[in-house]
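Letters A, B, C and D mark the chains as written, and numbering starts fresh at 1 in each.
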């Protein structure tokens, strides 16, 4: 048991938590913004995947990591806009449209990589590089904290800045104010002349961009290449974090971080002699228990006013 | 679709047509890619015609996919791999007695007792690999390297790591062999860290592969051996960061990697020459010497399994250890040592 | 009192209303067909752009599944599982519970069906039925977990079901690779089920090869009809509909909303469990790793396409499976690659859900009819 | 911020405007209407006459199928509310358009927030709102969440919303439906002040007395068409009502004296503690079968809580409630309904109806599992439909078909659906909350008659209303609630004036405890 404690308190573990949590955080904030705008973004997975693929390809061919990252995020943003357009212009169900976009991303990325590189697996044959790491001067000398944060990727920093950013956006900006009003009561927003659709488009674009950043991190930060389907279900975990976090920025932050911590822990404990499939259930089981406890406590407190969720 | 191969050949009447049916996708950088390479070579050198069908990872599509592939009259030889498809081949071979079937990495049930192979599968050639022997050499080499402190920058470390994708017999066979080799070389079982990638995409989640490798290096592993397809690509990256070492798997990863820093971490690759075995089968078939109706089990002795002994290997590994590893390989080849198996 | 006499305007509205409803139905159906055509046209362009022969590809895709009896069988087998999964989520969807838990329920059902069908010797008829009942119960139990969490605690059902899926898939994987793996077998799967437990293949009935299609098809049709009756013709169905329409209203009317929510999950779970039983007893004859593929997820698409109407789910399931089968055949028989097939399927999914086109058309017609503009 | 208006001409006008909804309902038919600046114009008509639709056309929420909308003397194409707002049109909707989790202040400023460069300034929100409220004489708590304040305050917030946008035309769609008499007075004073400042006001109400009090002229709509516009001075309530329905209509309620029977509802020592909302303190009262007991009080003094406790939607903290001998305090809603409790809820949109459900489904929620609708676990859709057809007929619900979703009904018709359901159950105890809120004169009269008929059939009726006129006209006895306490009890309402009751509602006067408890039995075994 004490060895587990040692692991958890080690700076290597904490650094791993930050890394593992990065895509969850960004994608979860993407999901949060969309949910609050009144359109569930099930397409997080596909947006991440497209961004990861585009980022690695563009960076590989242009030899510019920055350009790759920008293009990756841009493609995911467009997919966010596409989801909004399908919902708002064609009246499609957001969930099916999201599933459709995920399918589209899976097929199109594989096709792009294959037709450009003649490789069905991914872009590992292409040198595309990674986004820079960030080290704040002086921070390294701080014990533990220094070890944990130094050398983390730029995107990891952005992921952690995303929480205050989204909170600020929601509660301090006019845009966020309108977005929340629309998500909760579109008729009320429309009746005061807020351009509901435009705000929803913007919200979904932002949602896609955040998911795109998460995807770019996977192929240009975590590792330096794209692999078919490399998002591996992270978009859905992020979606779970959105709801586990009660649709509130800091709640979502904690939930996504919790997923990161649980997965990092499962990785650290993975060498113990327990069937691997069972070890890998740990994050999910923990979430389920946390969800139940959280709901039970909220119910006991009798807090009313749960924010409306997606409708079918 | 009919990717791979030249479909344009109009006057292909006398060429034998091979159809490679993959219950998964190409691009795994190991198993299926290796088979594909071998058959492409056969197409080029031996004058076959090759068509590839990918069925994807959705298992509900495999059985109908094989049925479709077999009942179309656009092939002479149907090649497929893995244990998962033995029953499909066992069903289809008797239905198409004029066609030939090559099954790699698993045998059909030639006895015909379990409802398949009603014709005793006399038109099926199976080849299986003793990957445990490769694993044995990997384990043996790994223990020698840490015991002799010959890995630069990792002299103080005693542990080694293995990162399989999932716990299934074919993969587990590598691991069992590795443990046996490690022990045979004098190592302690507890110094072998084994951690599976698992999750939704165990063979294509390089981010998780990297995280796991990083954790194993963090726990004091001098080298990590990924047996997890594309997830293993993450291991080479983490080895560069951790300044430690790796083994490749299935194909010569020193050759397939493009980044020099990553190449430098690869001590050797444990080969499972699926492609070579299929190429040999193609050669034998042209000479009518391929043994249909029986399973061919190949391993170190047949050079179907082995390790890469190139310049880089010789640079990194002292002569003494190289000799010891070669001796260990010889004992296995000669049969004086039997490597335990996961099967 | 004295109701106000019906004014002329009201009788007129009534006739008009009926006519509008009939017309709307026609518009809905024809627009559904039109959107499919548009989707196929887009796919046509995609194939042209990627250098394939779209005409031949479509011919193969659209006629392929009916080409041989075996392929018809494969289509029906796939549609059976897919439709059951669509039905399983349609019920909680009707109560506006966004259950994405069909996957976990299916695996629970498959495990239960296999446990009985492999290990428990039973007399002939019972050998078929008992595993199915066990599967339905296991699926229902699996559904009850998120159902109760939602109904009694208010825990978000999307999270709960996604988490349960992840857990169930992994535990299932562990069991199939470990304790339930057939001893002595090199491949990973359980022992086969006993002969008596197998669902009779349709080949035995029709005397032609029908692949793995089996009488589970009939079971699926019965289930769909039963669920339709449940939703439209029983008090419980009424409660489910009202809970979905406005839970506060349902509660005000004396309906025990938490109980209804639990029931919707339990019924959905039972049906997903049956899908698991179908896979074990009809399709594979044993447990195999990952035996549902991506069907559980696609079941959601099917349910939503059908607007959660059980009878329409059957149609949507048959349609979607046809597309799946046709896509695979096209992939094999033409030069169109897997990736492009996936892209075309995605386009179809995206367009078929588009609602605005029929609505626009309806508005047009409505205007015309009243002689405006 | 406002776009230029023409020099003269009407402030708002419609020219041959017709509106047909997507479902084919033609709600407005060739309407020509002109409202000059600085006038208060009332628009009256039956439920479903098209008043709200016409207003939505002025506000850009719906677009006319044909015809022209003029604002500020010029024809305009209103693509959405934003264009209408820019032209200086403000609207307070019949169904309130507020974001529940936002504060009153946030709702007031939503869309035109004070603050710099895309940022919001919460303090400025509160200040702006407080200032506006002060100026207009509309009391609100700017910091309170909208879902936690009374309907009256929500209504006031809506008006502040329009004022905040500096509207030149203010559309008020049934603003007084939920207000107390005092609040209505204050609102009227505010509206007159606005009018005198040059504002044009379009005012919709079903309360003809208010219409006569506030408006300059009245336009009457019937079945989508405008049937006439008269100067208020020339109109009587009765003449307006006749114009609305197209025939003569008496507005008086004939009510024979009550013949109270045995006690049906017995409430003893009822205590209800809640952290948010109004608690109830030691309520004791009886309602006998065959009498209508009114509950007066300023909105938010415990009426809603009392109604929901009696209906089973809330559990009392202590105390007993008996309905016809059954102790219902511990029962759930279904138990209450089995005991014979019917309830017309205060907020029909919240829990009175499933808006997307059909009328037929909405009419059977309390009886869907009983014969004749359900037998042996089978719900007979034919019976459900027949049941709906019968009630639609009996209660004159204006709809082409029982399968129409309730959402497509006008407010008054929705209310009829609810009342039809509750009354047709033949309740022993009927709790009627704001039963005529937003319904037209014909329906109002009809509902009065239904309540009296239910009483005469032996039901105990507890009538909760913000409309004192209505309470005094209908109640055989009257109770007054203040701060969750019973403060007055009038066993005879003849000759009782609104003024007098108002004194008790405001807490100026109070009855003695002995008087309140007189004649109540079983006080000892209160718990």
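Here, a residue touches a chain if its C-beta (ideal position, glycine included) is under 8 Å from a C-beta of that chain, and two chains touch if they have at least 3 such contacts.
Being a predicted model, the structure only gives us computed values, none of them experimental.
Annotation of chain A and chain D: jointly contacted by C, touch as defined at the top. Among the remaining chains, the Cα-based centre furthest from that of chain B is the centre of D. The interface with the greater number of C-beta contacts, when C-D is set against B-C, is C-D. The geometric centre of chain C is 44 Å away from that of chain D, both derived from CA atoms.
A separation of 76 Å divides the Cα centre of chain B from that of chain D. One simple way to say how far apart two chains are is to compare their mean CA positions; for chain B and chain C this gives 38 Å. With each centre defined as the average position of its C-alpha atoms, the distance from chain A to chain B rounds to 35 Å.
Within chain A, residues 114, 233, 275, 277, 280 each touch two or more of the remaining chains. Within chain C, residues 170, 173, 177, 337-338, 340, 359 each touch two or more of the remaining chains. Not a single residue in chain D touches at least two other chains.
In summary, the structure contains touching chain pairs A-B, A-C, A-D, B-C, C-D. Those residues of chain C that touch chain A in the complex are listed here as 50, 93, 96, 98, 149, 153-156, 158-160, 162-164, 166-167, 170-171, 173-174, 177-178, 297, 300-301, 304-305, 308, 337-343, 345-347, 349-351, 353-357, 359. Contact residues on chain A toward chain B in their complex (touch as defined above): 12, 16, 19-20, 23, 114, 119-122, 124-127, 218, 222-225, 227-230, 232-233, 264, 267-268, 270-271, 275-277, 279-280. The part of chain A that touches chain C in the complex is made up of residues 86, 89-93, 95-97, 99-101, 103-104, 106-108, 110-111, 114-115, 233, 236-237, 239-240, 243-244, 275, 277-278, 280-281, 284-285, 287-288, 291-292, 294-296, 298-299, 306, 309-312.
Taken together, the chain A residues at the contact with chain D in this complex read 171-175, 177-178, 180-181, 184-185, 187-195, 302, 304-305, 307.
Residue ranges on chain B touching chain C, taken from their complex, read 1-3, 7, 25, 53-61, 63-65, 67-69, 71-72, 83-84, 86-87, 106, 166-169, 198, 343.
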